[in-house]
Structure formats: C-alpha cells, structure tokens
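Next come two complexes, and both contain subunit A; in the first it sits with subunit B, in the second with subunit C.
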Partner chain A sequence: MDVIARSRSRLSISMRLVNLILLSRKNNPKYNTNSLCTWSQCRQILRNNQRVTNNQVRYNINKTPYASDINLWDPKKETPPHEGTFLEEVIDGFDILKKNIPVYKQEIIDKFKCDIDIHYEHGDYEYFEQFSIPGRVDKWVVSSDSDTGNGKSTAKLIHSGRNTALFKGHIDKTPVQDGVTERAGFCSIRSPIKTKSFERPISHDWSRYTHICLNVRGDGRNYMLLMHMERYFDINALDMYGYPLYTRGGPYWQFVKIPLSHFLLTFKGRAQTKQWPMNLAKVKSLCIGAGDFGGNFELEIDYIALLRDDTADHSLDFKYELYRKEPSDL
Partner chain B sequence: MSWCVLQRLLSRNYNTCLPRKVYRSYSYVSYLFSNNNFYQCDTLKNIYKISNVNLTRKFSTTKTCTQQIKATHSFDEFYTAVEESNASLEDLKIFKFLNLSDNPTERDIQIKRWMFVEAVDLYVEKTTTPQAAGLRRGHIEFLTQALGRMKELGVARDIECYKALIKVFPPDIMVPMTLMQMEFYHYPKQQEKAMELLEQMEDNAVIPDQETRDLLTARFGPKGHVVRRVRKMIYWLRKFQNTNPYKLPHHLPNDPLELALLALKKISVDLENEIKVFNVTEGNLKFFIASAQSPMQCEMIKNHPVGAPMYVEGGFRVWLRDKCQTYFILRADSDSKLFELPTEDKHENLDDFETMFDAEKPKDLTPKPNIHQQEDGTILGMCITENATKDSLISWIRCLQDANPNLSNIPIVFTLRSPEEEKIAIEGDKDINEDIVPAS
Partner chain C sequence: MIFFAFRSYTTFLFLFLTVFGVFLALEGESMFSVWMGMEVSFLGVLFLISGETEEEVESTMKYFIIQVISSHLFLLSILSIAGGWWVLESPYFMVVSLLIKLGVFPFHFWVPSVISQMSYFSLILISVVQKMIPIWVFSNLSLEGSLLWLVEIALILSAFVGAVGGLGVLHFRTILSYSSISHTCFMVVVSFYSFKAFIVYLAVYFFLNLGLVSSLWSMKIYTVSDLQKVSNISSESVTQAISFYGLSLAGMPPFTGFFLKFFFLVLSWNEFPLMCVFFLMFSIISLYYYFFIFSALSVFSLFGGMSFRSKPFYWSWTFTISVVFNILPGFMLFMAVGIV
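Take a look at the complex of A and B:
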C-alpha cells in the first residue's frame, strides 16, 4: 500500500512540476498547452506545421493523433512554416520591412488625421476591378475542379487584346470514378484579397454602395457571382452570398446592375433555409463561377464597379424573407 | 386477401382516420415502445371489424424473401414494349392522341411524354397483382434506370413524367407512424431515391407543383425529409423563375431555323431589329440564312465612306441552354473620336486659354455613340447560316445588297475562324484567313 501511495504522490508532484513548466511556456506558440494534463499528451508544432504529441516525438511515431486534433482552425494560432534557418529568414525579412514600413507609416498618419469617408451621395461609385489597367489580370486566382482532383474541367483568365479580360475554359461534367463523387464541373475566378501593410488581409467595405455593376460580354450562358465573407472560423469558409449573372451573348456589350440586397446565402452552391443579410462591411473577395453546364465557355469582362443608387429601393436590406417557423414545419 | 388489396380498398379511410386521434390519446412512453405492426392491426380491426387478416409489413428492403415470386422488370423492357405496340398499331396511336397539336416540336414532346408515362404505368399495373404489389419488388432499381434514361428519351424537362415516377412508390406504407421511425430515416433507400428524383428535377429546372407535393406527402408523410425538400424547392425555384431577362421557352425546338431565329432574337439589342430569312440555292446546295438588321444599321451603311473596308467576322458562339449556335457579324471600324474622353492635360495648360472671339467649342461634351457603335467596332448586321461556310456568307452579303445598295461599293474583308480556335491577339499580327472580295 505504501509503495503505491508513494508512487502516486511522486506522480502527482512530477505532474505539477510538468504543468508548471508548461504554464511558463504557455505563451510560446511552439507549444499548445490548452487542453493538456500530462507531458506525454502535450503537442508540439513541428517545422512542417504538424502537431505531434511529445510521446510521438520521443518514440519517433509519425502518426498524427486522430481524436485530439479535431478542432477548429484558428487563424491566430496558425504559425507559418519555417523556411530555412533563422538567419536566412531574418535576411529575407529585410526586404519586407523596406517595402512595408512607409506603408505602415502612412496608415498611422491616416489614422491620426481621422479622414474617414462618412458622407455619401447618390451616384457615388468605385471601380472594384478595371481590367484595362495592365497587370490586373494576373492577380486574379483561377481555379477549377481539376486542381483538387475532383473533376476534369479547365479554365484560364487571359488578356483579350482589347483592354479586357477573357475568362474561358472547358467544363467537363464527368465525375471522377472514386466511388464517392457524384457530380463534377466547376470553374471560377477569384479576386485578390485586399491587404494593408505587412500583407495583413483586410476586408472590403461596401456598406455605402447599393449595387454591383459589371460590363461583360458573354456567350449566352448563366454564371454565378459569389462573395466570400470575412468570417473567423473555417467552418464558415464555404458560406458565400451569390446571385446568378445572366448573359445575353452576341457581339454587344452588356451592362449588368445587380442590387446587393438580392444576394442570398449559399453553402456549396445550395440556397440555405435560414437566410441572413450580407454584412457589406466585411467582404473578403468576389468570385465569378461557371458551372451547371458542360462544354466550352467564354466570358469577357471589362470592369466591375460598385454604385450607390438612391433612386432604386435602397431601403431594402434584404430581398428574401427572414421569418422563422417551427423546425417541424420547415 | 392480401395486405395490398386491403390497403387499396381502404386507402382513403386509412389515410384520414387512422393515426391522429390515437396518437394524441397515447402517452409519450407508451407511444415510444408500442409495437407498430400490432398497433396498426389493433386499430384496423377495431375500426373495420376485420379478423383473420395478416397485416404484417412485407414491404421491406432489409429482409429478402427468396420464396416470393420476383416481379422485377427493367424499365427498358416496358418502354420497348410500348414502343413496339405503338409502332405496329396505327389505330391505337390515333385513338390515344386525339388532341395532338399541329406544332411539330410540341407534338414530338407529347408523344415522348405519353410513351414514358405509359411505360411507367404499365409497370405499376403489372405489379399490382396480389402477390407482387405488396412488394412491388425492384422498384428502386426500376426508378434508377428510368431516371437515368430520361435525358436520352427527351423527357427530362417534363413534370408529368416525374409525377408518373413518383407514383411508383407505394402509398401509405412508408409514412412514419412512431417517433423512432420518424427519427431514424424510415425506409432509407426509398427516401434517398425520392431525393435523387427531386435533385434531377432541380437540375433540369422543373418546378414541382402542388400535385407533386401531395403525391409525396401521401408516400413519405407530411414532415419527412422528402416533403421538406419539395417545399424548399417550391419556395426557392419560384423566386428565380422569372429573373432571367433572356428567357427561353421551356422546350427548345429541334428545327435549326427556329433555333437560329431564337438565337438572333436573344442576341439583338436594337428593338427595331428585323429578322429576315433568305432561302438560297447554290448549285446542289440549299440552305437558309437568318439575318438580323435594323433600319439604323441600314442608314449607317448608307453613310459609310466608300474607301473604308468592312469586315465579316465569326464564327462566334452563342448558347441556348445546352444548344449552341454559330453566328457571324458584319463590322466596320469604330470612330475613335466618339470614345475620346476629354483628358485632364487640356485643362491644365493655362496658356492655351480661349477668348470670347474664338469659336465656341465645348470640350467636355462628346457626341453619344448609338447602340451599335462600340469601342471595338461598329456592328452593322448579324447572321446565322445553316452550314456556316464562307460561300454562304458571300451569298449573305449579296442578299443584304437589296436593302443596302451602298454595300456593292465597299470592299469587304472576310476574317473567319472556327469558334474552337484561339485567336491570339498580338499587335501588328494579321489574321491568316484574310481574303478581300472585290466589289461585284
């Protein structure tokens, strides 16, 4: 009995010690000590950004823990992977400092001047994207389902030679034969994410505008305008506000004007039952998607702009009903 | 007397008066643990005073009964049977389609719809024999095959066919009665198949109506996943029913000329546009040319300077849902003065001021270009030809000369490419397929 009691007391003392050591390290992002009781369960973040328990490191087990690692992705806890040695990283960092310190300085000056746009009038507009400016086309991100191996469609965004951009590609609707995938065929272009100094991402503030305007020349097919929202956790990553972009086709340019209140909440392209108006102050990026059809497509885009139009029914925050019914009646 | 016959006889009464009252009088716990089959037998016996009837459920997917006679037939068997019988019997065909429409596309749709619905009905009738109906064995397989074949048979956008397919699910049997049934996805395969059917309806832009909803309610209960899905579809699809400003008819025509006319109608911006059809014979070939031109465009051709060339360009693509049309345009170079905006440099030069003696020339004002004048060219006509060859385009220009006599004085350059080809725009590089046609 005594032996057991002694060993227990020893264990408890050692546990306390370990905890103390861990607590002292708590602010170090290298160690994640939030939900731990023993040293062996403590997880380290390795160089390749992999979270492994101390026991695994000790016994050189390369398996990732399966149960304890399922948690929300937190952008603040995310640490970028190390590239090269400490010295190399510091040397690389000098370039970033050189570029970004004047930008940061200007930001602070602006903050002190308090020169914020509060006043807005009917007819205010802002170009979100003008493809006539050279170099803008390359900044957009093109993606299709062949990138992730979920399909075979391809797409690209190129200069059309007329100071406009051309979004063209081919959508293949045959799904990959992996036994799980049922449907395929999707391409999209996404606008670059807005950043301030030191490449910190910030969201677009569109709260002063009521409409989104596009000058496009399509091929008679329907596309989808999608808006990524600035949301904290990754479970909201696929929540997007969308509205179809109907194109006429033919040689004539087409001016499309869509009220921002018409955008509806979608998850993976499906309209949600519980709707909520879009927070216009927190728009991360705009996306133009092509799906729902097979074959070649071509969409020429001149510009994308935002407009405040008071003559339209701007008092409308959200076009769709927000009432709720009992879950049994849904 | 088997279960299904009884159920057919009493279906209306069964549907209305069986569950509700009993449900309310039972306490929650007893409701939870009640044996469902026993409970049904009891009430039915009490209500209709029927004894010696076996009311156990035979309709199940989990238990396979090998001794029963199989009633599985594939959808194709039924469809070919219907096709053959109608091909041989002309009288039947006439008798069945008394109210056939004169429009060929509509008639085609009607016949296709009838064939499909007849094949499905045949299956349902065959499997309503006392032995097979209680099982309706293999109806999920039947539905899978029928859903897959719908696009080939040209009925994918027809709501009547979907309704016929819903009727294949046996009524009343699959309605959940207890809380446990409700909770644990009662008859999963059937519900999944019904969801797939609804998904296909959504993909083909078929909006379910009240009848669809009633049919599904009778089969899967009023609050199951399937009916909830239908309700969502009715809500959302109707919101976007009329949002497309370039709306097409629900069934597209098969005739190439009608398709061409639809495409030209969709493309054209000018409301005064006149769409003409020229039927041309060149040697052995006979083909049509659908051409769209407005009076404004005719006037612009009339005022076009004689020396400056015009271009026939194409083929470009326009899509009518999933059908593609190739069109060509007649284009002239745009007037660059129209699109020159007053630059800031002119205002900044302070020495270059104007006195009151100078002629008054407003700098900020520019003449507004009309609809056809765009920055990359002035569009003077559009056409869709049947075979989309260069010869057909030359004859298009000849046809246009009747309305526009000035065209014969203007040199016309043909810059043609197939719509699949990529046109790489490099400055100073000219197209390969350039031919100048001398004025005739």
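Take a look at the complex of A and C:
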C-alpha cells in the first residue's frame, strides 16, 4: 500500500511539474508536441488559430503558416477558386461541350479506323516540343521552391526572340527559417500534360523510341531531365526518372542525345536503390530542373525530340543492374 | 514472374489459399461460406499478384479497392436477405456486386487499367481463377423479370466494350484485358445453362490463355515494339506458333477457340437468341484485334515487314504446345460432342 501511495504521489508530482511548465507560457497555448521533433520545431496554435513553430515565436520571424514537405489535406485549400458566378460557369460548361464534342467524335472515328503505324524503323523521330511554334512556351509550367514557401528561388520561361525558349532565373540556396526546411534552391519547367477531349489526361507513349534529343544552349551548369510517370495513387505519384543534362556553355548550340534506358528511377528527386526500367508508355510529363548550384542561370532550348536509334549501344536495354537487395546486404 | 511465383514456399501457400477459397465457396452450404471462400481466394490472389514493380503494386491496390467494395456489397446483400430487410433491393445489390467483381459493364473500367500493368501470371489469376466464384453464384441465382433484363443489357454492352476497347491498342496485356471482358460475358451466359458447361468453357479458355501468356512471357513480348527484339530465325518460328492463339481466341475454325463460340451458341440460342446475335456481331468486331495479334506475331516479327521467303522450320516446345492447345483439342472436343 505504501509503495502504491508513493508511486501515486510521484506521478502527481510529475504531473504538477508538467502543468507548471505548460502554464508558464504567457499565451497558454495548446502544444502540438511530436516526439520526433525538437522543441524549436514544435508548433503552437495561437489565439487566431494560426499555427507557428516555437522557433518563429522565439525569433519573431514572419508568422506565416509553416511550410513543410508534409502537406496535410486541408479542405479549405482544396476548393477550386471560382472565377465567375454559377450562371457563368454553366455557360462556360456549354462552351466546353461545344468545343470538345467534335474532338470526341474524331477520337471515336480514329479508334475505329485503327490507322496506327506499328512498323518501327531505325531513324524514326518525333518532335516532343518545338518552341519555334507560337504559343508553345506559354503552355509550359514554371515552378520554384518559393511557390510552396520552401525557398527564395525565382525562375521564368520566356521567348528568347530567336524562336527558342529561355529558361532563366536565380537559385537561392538559403533555406527558409521555419525550423523544418533544411535545404533549398530548386527551379523547374514542366511540359503540359497531354489531354484528349474534355481535358481527360493521358500519357505519352514513347515505347517506339530509344533516345531523347535536345537542342540546347546552356551556361555550363548541369540541369536535370526528369520524367514524371503516370501513377494513380499519391504514394508513388512523385516517381520520376531522371538523368543529368550537362551543358557546355558558350555561344554554340549543343545537341544532346540521351538513351531512354539510362534514366534512373527517383522518388522526389532521390535515386532509389531498387531500380526498374521505365514504362515508356506511361510518361506523364517532362521536367527540366535546375538546382544544386546557387546564382543566376540560363538555359535556351530550341526543341526536344524523340528518336529511335537501333544502332546505339544498350538502346533497348536498361542500363542499371536489377538485383534484389537482401536485408543482410544493408 | 512465373519463375518468381514458384521460388518460395509462401507462393505455394497463397496458391493453396486461392484454390482452397474456390473450393470452400463451391462446396459450402450457405451464402456465408461463399462469401468466405471469395475472401480467402481473394487474399491468396492478392499476395500473388503484388509483384516487384511500382506498376504491379499500383494494380494490386486498385484491384484490392474494387474487390473490397464489391465484397462489402455482396455481404450486405447476404445479410439483408438473411435479416429480411430490403427484400426488393437485396437481389440487385448481389447482382451489382457480382458485376463489379467480374468487370462487366458499367463496372468494367478497372479491368484494363489493372490488367495492363500486371505480370502475365497475375493476368491468368485475375481473368480465369477469380471468375469462378462470382459466376458460380450467377449460375445459382434464378434471375427473372427486370433483374434478368438488367443483366442481359449489362452483358450486351459489356461485350460491345470488350470488342471495341481492344481496337487500336498496341499492348498485348491491354488487348487480353478486353478479351477477358468479352469472354466473361460468354461465360456468364453459359453459366445460366449449367455450371458444368461453364467449367468446360473456362477450362478451354484457361488453357488457351495459359499457352498464350506463357509463350509471350518466355519471349518477353509485352508490346508490338518488343517484336523488334525477335532477331533470329528460331524466335521467328516461335512467334509464328504463338500467333495461332490469336486466331483461336477469335473463334476461327478449325482452332480450339471456335469450339467456345459454337458451344455458347448451342447452349444459349434457345434461351437468349437476341443476346447470341449481339455477341456474335461483337465478336466479329473483336476479330480485328485478335487478327492483329496474329499478324503482328506471325508477319511483322520478321524485320523488314512482310516476307514470303520460305524459311527452314525450327522445332520448339512453344510450337508443340501451341499446336497441342490450338488445333488438337478443337478436333477432340468436336468429336466428343459428336459433330466430327
């Protein structure tokens, strides 16, 4: 009985101590403590329901909502912005029907015609993107780490005036002081997602090609070519196959030819131990990324094309070894 | 994948679970045992189809979600029948859950997206083994009135989808998924006649599919572009042998697949004449992509396009199996029925 009474009193003392610590905070906030976080990373909920980290409170840093790579689902964020009244949206819907019904009709006719070229030959090529065509530059999406509040880099994709696209910007490797972000400095451009009628997304089918070719003029820096794969679930939605794009710099154009078998499986840019050949029929979009260096950058792109080259080495194989990693190998 | 499947004892365990689940459902005395067998078999299949690649895992997840939804609906229908609630609606719940499980219109959307990313071994499991229990339930349901009309319309539209969906597709697994949708419709109608007739149909379909996928798997042919890898003459002989499966599945005489269509007609003509007409019309459309399999494998595997030069014959086990599955059983089955 004495032992139990003593343990109970110990418990009550420790609980009192915890209460003392919690109540000593001026605002008496509700703490969201996570055993994996340090104190500076723990988040408080202020009276206006704003969530800030303890670090931000301590240093009186701009009290914007914290940014991290763990984005929890927020129903308020997911609501798409309304650009007009309900009636205007209904009228827009009829316009969409008017434009897309002929396209859908043509798709059905093409499906029944089945006029597909199944004979692949050495030398077959296809332009994936030609920036000399007006309006193509505006279709690409530019992004940087400052869009999500994770950094301060800026980038843009503009017409160079020479019928080419110019991807330029500034990479700032200083991470944001929010207690969560450790690294910063990334900009990218992404190709438009291929859609059929009624804006239904489909994937590019590159299974007949073996190489990707780019005509670029860089600044001597190394960029990254990333291919987003079409995935259904968000757990592997960030599967990307990447390969570096080495640029020479200088005034001369550079023809880059990279075998598609050389692309490495990455997840969020991190190379995976377990590699697997890319399914060339499920490519969602192509991304060119700039990171890993600080300062201004410029990359001029003329065109991006796909080529079938049967004479190149390993043109039809996957470059990387497929082996199973056993637990004892770790 | 089939090599991997037989490499460890756990694979045998899950294969046993799959088969045991089917027997549990077929031999059980109550609807709960049917549902239990369905779940046990599904559990076994789930482990077997989850492969090594991201795409296989994704297909497994999609398949899991779809099958769980349909199993819940099936269980709801059983409980409502047992409990006496929703007496008018519970047969509809059951039929809808079975249609979801089988991938029949309008619940067919998961079939191509799941099967096109799976291994060939998983394709066999999904398109053959997992059909047994739902169709067994169908064969025991005494459908009549509006429910029968609903099922007939769903099957006709599903046959249309199976016929048209495979047009213009260059990936063999996607073509086989649409072929599976088409053949499922035939199997369901045959099961209305008797379950034994369905077993005969399924057995023949299983062997044809097994021969085709094991041959394609051995040659590592997944799309038309993989045929370019066929570079030596012995491989060309093999691909030409594999091409017989295309015509067989299409139902061309004198191949074995023709027996399937004939069997279906003989059994179903009196009861469902309109459905027979529609199914035969749609099978003529699907003949296009079966013929595409045949021509791609027999003709276009020869680099340089069509070639009529006579080439020496190279014997292989694949050729033997192709002849054994495609030509001989046809004659034997017709002799057994008493036609030849």
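Here is the rule we use: the second predicted complex is superposed on the first by the 235 of 330 C-alpha atoms of A that agree within 3 Å, B and C clash if a C-alpha of one lies under 4 Å from a C-alpha of the other, contacts with A are read in each partner's own complex, and residues count from 1 in each chain.
We take it that contacts are C-beta pairs under 8 Å (C-beta built on N, C-alpha and C of every residue); 3 or more make two chains touch, one makes a residue touch a chain.
No experiment lies behind these values; they were computed from the predicted model shown.
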Quiz item: Just subunit B (first), just subunit C (second), both, or neither: which does A:P102 touch?
Solution: neither
Practice problem: Kindly classify A:G123 by the partners it touches after superposition: subunit B alone (first), subunit C alone (second), both, or neither? | Solution: neither
Quiz prompt | Partner chain in contact with A:P244 - subunit B first, subunit C second, else both or neither | solution = first
Practice problem: Mind working out whether A:T273 is in touch with subunit B, subunit C, both or neither, as first, second, both or neither? | Solution: first
Exercise. Check the residue A:G93 against both partner chains and state whether it touches subunit B (first), subunit C (second), both, or neither.
Key: neither
Quiz prompt | Which superposed partner A:A281 touches (first subunit B, second subunit C, both, neither) | solution = second
Quiz item: Taking the two structures together, which residues of subunit A meet both subunit B and subunit C?
Solution: none
Exercise. Using the touch definition up top, name the residues of subunit A that touch subunit C in the complex.
Key: 110-112, 114, 116, 118-120, 205, 207-208, 229, 231-233, 236, 239, 274, 276, 279, 281-282, 310, 316
Quiz prompt | subunit A-touching residues of subunit C, taken from the complex the two chains share | solution = 52-55, 57-58, 61-62, 113, 117, 164, 167-168, 170-171, 223-225, 228-229, 288, 296, 300, 305
Quiz prompt | subunit B to subunit A touching residues, read off their complex | solution = 223, 228, 231-232, 236, 239-240, 243-246, 263, 266-269, 316-320, 322, 324, 327, 329, 331, 371, 374-377, 379, 382, 419-420, 425-426
Quiz item: Hey, which residues of subunit A end up touching subunit B in the complex?
Solution: 159-162, 219-222, 244, 246-253, 271, 273, 293-298, 320, 328-330
